[in-house]
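Just below sit the structures, each encoded as structure tokens.
Shared between the two complexes below is chain A, which has chain B as its partner in the first and chain C in the second.
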Partner chain A sequence: MDSVLDWLRPDWFFDLSVVQDDYNRGRYLAGLWMTAKLSTLCILLSLVVGVVGAAAQGARSRTLRVLVGFFVAFFRNTPPLVQLYFFYFAIGTILRVTGENGLPQPLVSNFGWALISLSLFAGAMNVEIFRSGIEAVPKATIEAAEALGYTRLQTYRYIVLPLAVRISMSALGTNLVNLVKTTTLAYAIAVPELLYVAAQIWSEDLNVREMMNVLLFSYVGIVAVLVWVLHRWEKALRIPGYGG
Partner chain B sequence: MSWTPDQPIVSIKDVHKSFGPVEVLRGISMDVMKGEVVCIIGPSGSGKSTLIRCINALNDIQSGSITVEGQEVHDPKLDKLALRKKVGMVFQQYNLFPHKTALQNVMMAPIKVLKQNRADVEVRARALLKKVRLEGKEDSYPGELSGGQQQRVAIARSLAMNPDVMLFDEVTAALDPETVKEVLVTIKDLAADGMTCILVTHEMGFAREIADRVYFTDKGVIVEYGPPATFFEQAKDPRTRQFLSQIL
Partner chain C sequence: MKTLSNHAPVKGHLPVLLPVRRVLLSDIPLQDRLFNVWTAAALLLAFVAAAVGPSFAQAEAAPARSIAAILLEWTPSLALAFGFNVLISIFAMAIGTVMGVGLGILQVSPTAAVRKTAWVVTQFFRNSPWLVLLFYCILLIPFKVSLFGVSVPFPGWIKAVIGLSLPVMAYMSEFMRGAILSIPTGQWESASSLGFSRGQTMREIILPQTVKRVLPPWMNLYAVLTMATPLVSIVGVNEVMSVTRAALSAEGRVDLLIPMYLYILCWFFIYCYPISALTSRLERRFAVKL
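Moving on to the complex of A and B:
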């Protein structure tokens, strides 16, 4: 009988046979690539959502501010898996076009829905993160820009945002790491990312334990890369003589 | 109605300003001619900062009129950029952009706001930093500079917009006694070059030395004003005399 300790036996723990089998290796690498692509695009898109949303929250228009408030509340207070299903099943079934064969075709692919849904989810958090960063920019600094003739948009772009990003850096890092981990939800709508292909492999080869380790190591590696990139970015943004 | 240099470059007429129910300026009038240096002194809370912030429309006013080169500052149709090109402002806390070097702080507004050519702006910016005696500090970030040095960068940053009037709001109040002097020397140079300056200051010796006129404000009104010699020696109003006796 297997004991929990057996699971830690070196021959299982380090069994990476998946990379020795050409077919499985191909699938694994495709999944890894899909996760990398989904993560990267989601990060970029969520940053755009965050920057634009935070700017809109500081806008003069009350309607705009209220709309952004609703958006943030919706995505923060509902489970991301439910959001993903909502996009894929509720909106995805409405958004159809007639294909060449005369049959209705989805307008947005599974990958597309995962990208949109996860970017909005993480973007809503980014709005909040940037907003508190923006609030931490001294009013006097903004006033100095105003006195120099900067428009609101120029002040936001050249002064407020660069400072807010620096202030937001650590909260932003946490959220983006979470976002990468959350991309595994795309499994639920059959996007062939890492978790999806791992499940395929273990259901065919009956090597659940080995694949679990492969998965965990893969994510440790992916997150390590992201943390490294964030660290480099933070270092590049560091201002001599400013804050810490 | 076009402005000519024989008319006041800044003209303030019966200005009233309230923050909510509190009336902070209660009928202020003041004319400043081109090239003049005027100092505003008065107790804390008397509305000095508010007054000079109204001149470049950082604060709005409830009634009265403020014109700069004949242009009404509180006209809702005012071109704010045109006003801010004419009026430079230096703050007590310097308010430099911390993520930009001294040189970039000076160059940014002419490039981004006035859309001037970068190479030309850089030549001018370096000359301005030299003028405020900061040669060699071009590539330092604000956090690497002393208060006095930061304040001189802030002055150069304002000057880079080529203003016709400079506003200074207690620009030495946050500085150590030793660095106060270097900033005052910079302002003195400016005044000597003919720049119109409106200064709020607690440096009485300095006011006496460079001002054409000194204004004393208390509780939102100008109590009295005059050339420094008469103002400091023969103040008429008891409030002025009491303030001067406390501060001198």
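Moving on to the complex of A and C:
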């Protein structure tokens, strides 16, 4: 029973070395910045992967479609952590260049590998999301565009994509939130993001509980910001009378 | 390969047997002849061979075992560890499903306070990263709990199961809420006019109908959970990823890295792909009926 009451002791919530200690605060903010940077870049890159992949899946060439289908199936059905290890430990060990001091150096940093791996993982999901969004665009709309003399690229650029983005907005939001949550995996390859920094602080100061609470609330906060931005975006993109 | 048979029958014409058209190789566009599923598979094999190839060149220099032999040798230990992953995922899924169904029902409770609390709990666990929740459970659940003189041990893997079941609970709760709200309100009204109490309506009328709607996302969630089980290796529970890394450091060969990780990726792919394929088939089937 004592341990249960201990949970409710206020000092565990208020005795925050992150706020009081300059050094820890600096590290925490650096971690927060790193997480924000990693998340933003991953979101942008995964969106690019998604749009390009979805366009390739709608292409006439069978090769492209099959290759993209293969990529999507593989990345969606394997664990992101193993993908990350595969990129960082397997490919990263082989991709080395000789540095200035003559010793082999990795070509891509661990931040770079985290970025590539997470973007491909989330990008594979985005391909599926955009593809189903594109499929939901009525055929008559595309035919009407054709009748007006739009080329294939123009139809895609001005008609299909704007509608598909609006249709796939909610699924996209879920996936991007997932992506931000998945950036914690970068901890495994020692990218100094929020979780990594928090683990450093709690192993030095032995304040596991406080740091855990700080960590959980930080992530809930980050996700809340993202959800708010997506909500605003969805509202801004909304066409009256089209979509819910 | 288009045949003439997919022309829609024109009204007013007698059905005529169309002449059988043999599809000649030259009829298929060159692109399709060159690039299809089989060539994609062959390309992948070629890529793997190119990645593994240099190692064989090294293997000739020194009398070392081939990559395939090493992989085969480690397969039993990897299979055992993978079985442990599956076990963790099944336990976490069971716990998470039971708690999630309960939380989901609370989310549609007529009492506002209960509803709001359940919503906050759901959103909190749904929006926090799996890895952070795992750390939370691993580091903060005591390794032994004494309750009324009985001490219950909590080994690492059980704590990991609990940590993984929390997000499962939250997702399940959302699925349940959506499914319950998607049942037409007329059902509630007719049940109450037949004299069913709220609990009876829920148990005997609403919940059985939600099963069909919840099943596809539930299966998808299981695949996602299985793909999250390697996370427990980060918090120090032995599973397939830790065994893989142990195997790699035992062999100590750079050329083994890519084949080994690809091998593990394939294991997960073979386990998860059928589940997600079945999920999308079920989704399509149920979508028509709704």
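Quick note on the criterion: the second predicted complex is superposed on the first by the 237 of 244 C-alpha atoms of A that agree within 3 Å, B and C clash if a C-alpha of one lies under 4 Å from a C-alpha of the other, contacts with A are read in each partner's own complex, and residues count from 1 in each chain.
By definition in this document, contacts are C-beta pairs under 8 Å (C-beta built on N, C-alpha and C of every residue); 3 or more make two chains touch, one makes a residue touch a chain.
Worth saying up front: this structure is predicted, and the values here are computed from it rather than measured.
Peer 1: Looking at chain A, which partner touches more of its residues: chain C or chain B?
Peer 2: C
Peer 1: If we overlay the two complexes on their shared chain A, which of chain B and chain C does A:212 touch? Say first, second, both or neither.
Peer 2: second
Peer 1: Tell me which partner A:160 touches in the superposition: chain B (first), chain C (second), both or neither.
Peer 2: A:160 sits against neither chain B nor chain C.
Peer 1: Just to be sure I read the superposition right, which of the two partners does A:224 touch: chain B = first, chain C = second, or both, or neither?
Peer 2: second
Peer 1: Touching A:147 in the superposition: chain B (first), chain C (second), both, neither?
Peer 2: It touches chain B, and chain C stays clear.
Peer 1: Once the shared chain is lined up, is A:239 touching chain B (first), chain C (second), both, or neither of them?
Peer 2: The first partner, chain B, only.
Peer 1: Quick one: classify A:78 as touching chain B (first), chain C (second), both or neither.
Peer 2: Second partner only, chain C.
Peer 1: After lining up the shared chain so the two structures overlap, which partner does A:51 touch, if you call chain B first and chain C second: first, second, both or neither?
Peer 2: neither
Peer 1: I'd like to check the shared interface: which positions of chain A are touched by both chain B and chain C across the two complexes?
Peer 2: Shared contact residues on chain A (touching chain B in one complex, chain C in the other): none at all.
Peer 1: Over in the complex, which chain C residues touch chain A? Could you list them?
Peer 2: Counting only chain C, the residues touching chain A are 31-32, 34-37, 39-40, 44, 124, 127-133, 135-136, 139-140, 142, 223, 226-231, 233-234, 241, 245, 248, 254, 257-258, 260-262, 264-265, 268-269, 272-273, 276.
Peer 1: Taking the complex as given, what residues does chain A use to touch chain C?
Peer 2: Its residues touching chain C are 3, 61-63, 66-67, 70, 73-74, 76-83, 85-86, 89-91, 93-94, 177, 181-185, 187-188, 195, 199, 208-209, 212, 215-216, 219-220, 223-224, 227.
Peer 1: Any idea which chain B residues touch chain A in the complex?
Peer 2: It comes out as residues 56, 58, 80-81, 84-85, 88-89, 91, 93, 95-99, 108-109, 112-114, 140-145, 154, 157-158, 161.
Peer 1: So in the complex, which bits of chain A are touching chain B?
Peer 2: 138, 140-141, 143-151, 154, 158-159, 162-163, 166, 239-242
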